[in-house]
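So that you can tell them apart, the chains are marked A, B, C, D and E in the order they are listed, and the count of residues begins at 1 in each.
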Amino acid sequence: TKTSIALLPLTSSAPVFVGVDRGHFKAEGLEVELKFMQSAAAVPTAIASGDADFGVTGLTGGFYNLAGKGAVRIVASQAREETGFRFNAFIVSNKAYAEGLTRVDQFKGRSIGLTTIGSTFHYVFGRLAEKQGWQLEQGQLRALQTVPAMLAAVKGGQVDVIQAPPPTGIAIDKAGEGKLIGWVADHVPWQLGALFTAPKTIAERRPLVERFVRAYQKAAAEYDANFQKGAPGKDADALLEIIAKHTKSIPEAVKAGLPYIDPMARLRVQDIYDQIAWNKANKLVDAAVDAKTVVDLSFVAGHLDLPR
Amino acid sequence: MDLRLSGIAHRYGDLTAIERVDLTVGSGETVVLIGPSGCGKSTLLGIAGGLLAPGAGRVETAGAAPAGCLNPLTYVFQDFALLPWRTVEGNVALALEHHPLTASERAERVDAALALTGLREFALVYPKQLSGGMRQRVGLARAVVVRPAILLLDEPLSALDAQTRELLMADLLAIWERERTTALYVTHNLAEAARLGDRVVVMSRRPGRIKDTLAIDLPRGARERPEHAAAMADLQARLWRLIEDEARVAEREVADG
Amino acid sequence: MAESAPRPVAFRGGGFQPSPRRWAPWLAFAAILGLWQAASAAGMLPSLFMPSPVEIGRALGSLAASGDLGRHLGASLYRIGLGWTLGAAAGLAVGLAMGLWSMARAVGIPVVSALFPIPKIALLPLFILWFGIGEPSKVATIALGTFFPTVVSAFGAVDNVPRNLIRMAQSFGLPVAEIVRKVVLPGALPGVLSGFRISASIALILVVAAEMIGAEFGVGAYILLTGNLMQIDRLLAGVVVLSLLGLAIGAILGRVEAWLLRWR
Amino acid sequence: MDLRLSGIAHRYGDLTAIERVDLTVGSGETVVLIGPSGCGKSTLLGIAGGLLAPGAGRVETAGAAPAGCLNPLTYVFQDFALLPWRTVEGNVALALEHHPLTASERAERVDAALALTGLREFALVYPKQLSGGMRQRVGLARAVVVRPAILLLDEPLSALDAQTRELLMADLLAIWERERTTALYVTHNLAEAARLGDRVVVMSRRPGRIKDTLAIDLPRGARERPEHAAAMADLQARLWRLIEDEARVAEREVADG
Amino acid sequence: MAESAPRPVAFRGGGFQPSPRRWAPWLAFAAILGLWQAASAAGMLPSLFMPSPVEIGRALGSLAASGDLGRHLGASLYRIGLGWTLGAAAGLAVGLAMGLWSMARAVGIPVVSALFPIPKIALLPLFILWFGIGEPSKVATIALGTFFPTVVSAFGAVDNVPRNLIRMAQSFGLPVAEIVRKVVLPGALPGVLSGFRISASIALILVVAAEMIGAEFGVGAYILLTGNLMQIDRLLAGVVVLSLLGLAIGAILGRVEAWLLRWR
């Protein structure tokens, strides 16, 4: 069966790459076409417009709005900021660092670079502020539309702090273009991304979704076995090659920037509910969006943190 | 064919252009219409040719049209109204193309019209390459080619310089003598009126009415002769007296806005 | 053919002279909106893809009610105003110079025609490098976008000043500076003003591109934000605001024009 | 003041517009220049007024200019060349503004010029509101206001309709009689030439040369009298014979491209 | 004042008639590039902010050598060609209708003036929803961008067909269809062609916006990519390609125009 998935060429989509190149999808009788998008917002849009059957990407305000309108529904997890695993990092500009911005609890009132309002970066700063008991103020956020623009802004000292995905963050720190002062997972662990499809697909082609999720889980398990068990697994090098190929990168760089992925593609469900609540509170997501309709828990057994 | 205008009146919005005009142009006759600027001459000609619907009154023709007549009432315009994207030939042929003629009939007619107006060697030239006088010749050829019964001419020479006007007037007279077309000719130029008209109709200033009519009895061919110079000068002087005050007032009208 | 029976002359004129119909545009808008609303109500237009006019109106209403509309409009108008003023002023100076001096023209025409078609969004990264992410880069985007069309129209306007008027002024011995001030500039005014109309539309169009660079407020920023959040009803409300702004600017320029060119 | 053109020749690129012209206009004299289209009349006038640098030859003036003369050689243009964004008053004042006059001197001069041309009541009107004849009156007022020594007129009446032309010619004659200005007057119109000129200079077609010169001995005021009608008609006929063939050829020239 | 001494008449004409100087543009370009290169070589322009002409040329050279230039150009030309054709054809039809019929005009003018100033990038999210992420949404962006200017110019062109020519055709009894075909359309051609010039530039400008929607190849995509990577030399190489493309399209349209309007 032919099917397609919309995604970004990033390491967080690793299970899909592994699933395709290691034959997990083929084993389920699926021929998967990869449709690479330019921005996270475009991925769920591609599902809504019918350009792709599945999507994996970070969870944004735009995503929840589309989900709330019944365009997409989450079926499994993607990357997660999990305590103990290092993924996105807080990077401060040299100027800000010199002024004394050296700790993650000092962001109050500092200018913060983002791609867009409602992005995953925005959410993390929002939750951080909530946790530390301060407010994201007006005028503090700078929406720069693209990751490279955001990086350029922190290098040039035009914003004080950003989050950078690995390996970029490490590279900036090494090159002395900015300072890495902490890891997101240590401060705001959360369900970063998810695998999703259209409710219509679930309703009309349930077997397809089941087969797809099964293959995806197998790939996630293989990823987990090779990268998340302390020592690298026996296929680690082969998997790095695969991921590097799809992300147009090199294995060393990929290795430095691997996210945590749940071995069974389970979601932290309560976190999703919390995300929706935060987005609603910040008027980024319509009040009518109901978290219950956003996730379909029936494809993966044993989801974590189920809300009571 | 003759042309009969009866009880013609016309208004543009609040402005009464023509109050009440009765005028008959007999078959083969040339009536020249003179009057101060804005008195409604062009309006009357438009009504006569069916281009303007009159506010009141009737326009009728009577009598037989010449053989092969395709457009009984045919205009010659002051600004020539040539299609700049067509050659001389194409402009002359325009009026024939929507009639069921064979190609050779059409070519023959066009050629005859070009010959009559001395344009044969210019058949393939675009209007921009021609002088004003030559352009108006094309306008005449285009009118002649449909074998009109009645020619309606709205200051056909007034966009030309004086010398060219002189040359064209002679040609126009020659064509008329041959074709014996009925003609209603609008002009400001008293010399033209005296040279070309069988009758000269003088209109008052706006709202236009017919103020006077002068018949000119000298045959057109003889009017240039030296022995008639004084008579012609006198005729023009009379026309000028009929029109002078009204022209003076008309000139000094200010358009608002 | 009976010699004596008069036949009326058939009417063959008229037409090709569009007459104004004052009610038609309103009716057309009403009809379009009505049909659209009906199609939405009938479920033919999924509200995700194409929200109904009522939904867009509601989004606009709540934007206005929250007071954000004013803040967005204020921020954008400031950028448009400043950017347009800078771009148009510089464009006017260059365009007039090109109209008056052979040398400026010979150099200017090819440079302008090479630079004019460069898309402004292509230059955003450069603008960030040159002007940073604050107001200057946004203003510069709009200024650059309005500069070139103003040059072209100003230069064309000077070119279209009738040469006979200039010869007349020379024949009365007016000094060159007087000729420029009393003949060339007023004569170029109509062309310059219609160029302003175009550059004002361009300034509006560019406000979205300009506000891609780290803007918190602004109609363009609002459109980008709602686009990213896939709130299509609000996005279209933002578009409606731009559209109304365009109509308003057009109307104001129309008034200014009618007054300055009352001699026409 | 008199105007002396000697050995004037002029070329536009490959085209020789004027071959060699010697012409003197005496103080207070009116010389009318006629000739077929494109023979170089406007070129010659441009050279006379210093607007065109001649290819060869000299242009000189001699004699005293009238008191208060601000612009000895002053043009009146065929297309009026009024600034549409200035009122009648503003147009007339234009030529004074760069001269050191007091405001009251300026106002006085403008008022006198408007009075002379019958434009007083139109002082605050924009050109678009005026008829062609009134516009040319503004052109005349603007010329008169600088108290010119020599008037250069390039077909000043040819854009007007025949009746308005008649009215303006009379006014022009009246102004000349009062101011006794030297004038070089270009026209195509033989009637104008015969009415206005002390001498008529006939140019040949391109390249322009002077073909003939006719002095008109009748005083200008008397030329309209019925007893002179035959003589005037004869004069025009003579001019026409001098020019007819050349005009015919000039009309039929095709511009390339 | 001596009565008898003749004084030459001073020349006071000339000027205000810019004369062409064929060498000037080349010299100007050479001078600009030379100065720029010199400034770069002297270290006055940091190459991160403003690469030197030589660097840009080198980037362009390697783009061409890699064979990617052809692929980018091909993809963009396809989108521009198709989008412009669709937009211009539809715009022509609507614009001519608006020129000919009072009703179409009364409805069309306000709708067009309300929709014209809407920035196309604002609509990108909608276009993705409507047309997907493939070629159709890119083509639609360009088509929509060229539609409105074509409407405006076609409509203005019909409006500018001299009414006296139409009256003339009526006076010879030409049927309405013939009048449209033989008088209105040829008369509108110059205006339509100059509208095409404008819409072609707009199509070029919009290729960057269009290729913001997930394009792998295309000059716009290349510019966006290199902009995102802050490879300013390559970005400017892409801009140079667009600029040359604009000049080429302008030259081609100039030829077509000269041929179609040889009667002018």
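In this text, a residue touches a chain if its C-beta (ideal position, glycine included) is under 8 Å from a C-beta of that chain, and two chains touch if they have at least 3 such contacts.
These figures come from a predicted structure and were not determined experimentally.
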Could you tell me which chains are in contact with subunit A and with subunit C alike?
E
Could you tell me which chain lies farthest from subunit D when each chain's centre is the average position of its Cα atoms?
A
For the chain pair with the highest number of C-beta contact pairs, give its two chain identifiers.
C-E
Note: subunit E sits from subunit C at a C-alpha centroid distance in Å of 16
Approximate Å spacing (C-alpha centroids) for the pair subunit C, subunit D:
47
For subunit A and subunit B, what's the span in angstrom between their mean Cα positions?
84
Touching two or more other chains - residues of subunit D:
49, 51, 73, 128
Multi-partner residues of subunit A (at least 2 other chains)
41, 45, 48, 148-149, 152
Touching two or more other chains - residues of subunit E:
12-13, 125, 129-130, 167, 170-171, 173, 212, 227-228, 230
Can you name every pair of chains that touch?
A-C, A-E, B-C, B-D, B-E, C-D, C-E, D-E
Contacting residues of subunit E [partner subunit C, same complex]:
12-13, 15-21, 24-25, 28-29, 32, 48-50, 99-103, 105-107, 109-111, 113-126, 129-130, 163, 166-167, 170-171, 173, 176, 179, 184, 201, 204-209, 212, 220, 223-224, 227-228, 230, 232, 235-236, 238-239, 242-243, 245-247, 250
Which of the residues in subunit B come into contact with subunit C in the complex?
4, 46, 48-53, 58-65, 73
Looking at the complex, which residues from subunit C come into contact with subunit D?
164-165, 167-175, 178, 182-183, 186-187, 189, 261-264
Considering the complex alone, what residue numbers of subunit E touch subunit D?
1, 3-14
Spell out the residues on subunit B that touch subunit D in their complex, using ranges where they run on.
36-37, 122, 125, 128-131, 133-134, 155, 158, 161-164, 166-167, 187-192, 226, 229-230, 232-234, 237, 240, 243-244, 247-248, 250-257
